[in-house]
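What follows is a set of notes on a single structure, which appears directly below.
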């Protein structure tokens, strides 16, 4: 096992354990922190693939921004109420079903032979251009449409939250 | 007289000029002479008639000037002084004075250094001298008795010598 | 001012309301003080917050209560002087002066002009000292810590002056009924002149750091506004009243102690916010410099004690050599000066506002009842009105601009 | 394996230098503020108080670690200070401290990790510091720290956006996200600060950096006159000093970013300091130049702290969202136009 292999196994196992931590921990704040750890280990896996840009963005956006907002909301809520949650039967069945479907999908995918990526001729090192070029050249319209959609959603949220003030 | 509320100019509303002026102000203080005093090495100058700790004095002949009239005990606002009156020795050179304190206690924990004792003393026997760092490890230690007070007070010049010719 | 019980009631009322409409978000009850860096002493504020916005403030006072008014009933008129030092302990000289004039009013006694002038110097020095501290801590509370150090440097010089004048830096106990503890020492005037020459530079420094600084303006303009009507209703005095635009200064309105002989202006504000209070204090310091300058330029000579053997202690030399003076001396100290029976109220314009002494005398050497009207106590009442709707950061600025002293408030 | 050994050595040296500089920044802060206030500052421990950081550190370690009884989540309470300190230390690894050191017959790069997305890594890692403060505020289970934590998370999230957007024009000009390329570009051309169209970027960056590191005039989370000590009210001993170290390390990293992005990193605009070092001495001189430039910015941090008042929380948020973010976007467009017309590259 080489150094990189060790690192891969370490990151993968740590990521899975963090995932277990997210669903197993009682306190929502602890859950959120496990999720942050999960993101960090995932970023590590990206970095192992030499996709530094993706790794950095993963941490910057998910761990650095989204999860902070999550934590913010959790902090402002009453934590005790959510700590006393009870296991619901329907939720368990639903969860198991989704997990099973996901596992089945994964097995199907892994049985396929590994195909090279669409733009495999581009230099993947760092991956900045590999990410940005298609986004701004081939898929310009969907990209902008998504941006517009997000903007509309944001305006909607602002409008909704402002309504009680009147 | 109405105090003028300044109208800020455009630049001042951008925060910068005042911040820069302030920065220059603080910077110009760096090379200036320092105002603080390095206390234990450098003693502070005591101006005027400084009111330090109250102490008892002797006249140039070595006589305890206090005649135990208890006026200071009476006037002391925090009741820090206690005088135990006694008699002078029969046949001594100062026997004509008749009384002297057999003990004179100042509770330095209570003393507020107001100087009333010195002001009312009809014998010029008690003075607030220049001791400003009165300290001790216990409450008992802060009860200054006659001997200690006399030792601290020392000898004081006496121009009038009230008891010399009586 | 709320009692412990009332505060508890209000807290539970707030909790009930909170439970009533959960959608409006949680309210937070937070204790500010008695140990908090910006409550300037031992003031406790119970704040009800919605986020950072203040819904309600309940000041809880009394942590520094020493019973000064009761103590006064058990001591002679003169013995109470050291206790006045400890009222507004940032301007002890002014308290001494006010108390002395109050007792003299009861006695119907006029002090000689030299005494009056020295007392004016004392009161104005105390005003400068108090305002320097007020502005310094104001700067510090909005985050400009260096201002505090600059003004404290100047206060240190005032303390040196106090030390030179009366022998103590802090607890001055300088005045006596009918006079002063001692005359000005010869080295005092040169020191004072030097100080007056140096002070404008420091005021200018504070000016540079704060007056036109946009950050400071943002923090203080239109914060804690008190209208003229509110100020009058609350009985607010001093710079806080004048900042609302009412020109009421006891030195001008009811001149005492020779203030009518001095030429000075009374600064008034226009809005009544924290910034106006700051500006008024700055201007009052400049005016105090003017007053002191006039006082030392026209300092009369002669006696500095009223020639009343039954009120003022006789000269020490006479006590040591003459029988009659010795007897007066003893009677004066042990029985106290023999005040007539009656009731008087005297108030002086102190740095914080109107410091009044209401004296009920039944004759004899001690007051029957001595009521102190402390400006800080009265001014602090307006806090809940001023703070409502502002944020915690504003509350700090408002507290600093009120410039209260708990020693005086709790007495 | 050699790579691992060299990297480990680099990390050790970097941490050593970083922590020393951080410790002496505290000393500098106390000394400079004292001078500005006509005081002397620390002068008892060692000559000019130079051993003060050691004494402080020792004191902090020997102090009792008080764990208030109302703290229920001890793990998160402990994690807080760690999360506040570690990211700042990690970030320093992505910044080029010098050109290279010819040592033992090898050319050793003066950067722990020469990443091609270094800037993003720096922002990503430093964005973790907010967790430290949020967790500390929340886990303290006390009201003042909680308010501090809430204030701080909102503040840091807002200003991270400004911070990242404000440097976009710099990358537009260089066409790389690597900090090593940044310095290289500036040695070939001129420092970014000498290009007038980059001035707005610099101004926004430096102000956002002040907000991001919670320094005056934006030191709201710990505004001692309002929130006692904000998020670190309940902390003591080493945990408290970790917050302290974290704050100063973050200052160091932000200063380093300013130096690298706008002031030519380790270079000076004349030979032999404008090209990678060939001898050990010049290599060390580069590191010294880099540290000297950082020192200037650290001084600026301190200088500003002891001069101006603090803004209010809502004013800070308004400044960030209503002024700086639109301004950065306008700035990106503006620099884009400038570069398109006059050809920046």
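As written, the chains take the letters A, B, C and D, and residue 1 is the first residue of each chain.
In the analysis below, contacts are C-beta pairs under 8 Å (C-beta built on N, C-alpha and C of every residue); 3 or more make two chains touch, one makes a residue touch a chain.
The model shown is predicted, which means the values in this text are computed figures rather than measured ones.
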item	value
B-D compared against A-D, more contacting pairs	A-D
Chain whose average C-alpha position is farthest from chain A's own	B
Chain B and chain D: spacing of chain centres that average the CA atoms, whole Å	52
Computed distance of Cα centres, chain D from chain A, in Å	28
Whole-Å gap separating chain B and chain C, where each centre is the average of the chain's CA atoms	25
Centre-to-centre distance between chain C and chain A (centres being mean Cα positions), rounded to whole Å	62
Multi-chain contact sites of chain D, meaning residues that touch two or more partners	36-39, 306-308
Of all residues in chain C, the ones touching two or more other chains	146, 153, 209, 213, 215
Shared-contact residues (touching 2 or more other chains) in chain A	none
In the complex, chain D residues that touch chain A	4, 73, 75-76, 79, 115-117, 120-121, 123-125, 127-128, 130-131, 134-135, 137-139, 146, 149-150, 153-154, 156-157, 160, 164, 177
Of all residues in chain D, those that touch chain C in their complex	33, 36-39, 143-144, 147, 151, 216-217, 219-220, 223-228, 306-315
Touching residues (chain side chain B, partner chain D) in the complex	19, 22-23, 25-27, 29-30, 32-36, 38
For the chain C and chain B complex, residues of the former touching the latter	75-76, 78-83, 146, 153, 156, 160, 163-168, 171, 173, 181-182, 185, 187-188, 191, 205, 208-209, 211-215, 217, 265-271, 275-276, 279-280, 282-283, 313, 316-317, 319-321, 326, 329-330, 333-334
Of all residues in chain C, those that touch chain D in their complex	28, 30, 36-38, 52, 139-146, 149-150, 153, 209-210, 213, 215-216, 218-219, 391-396
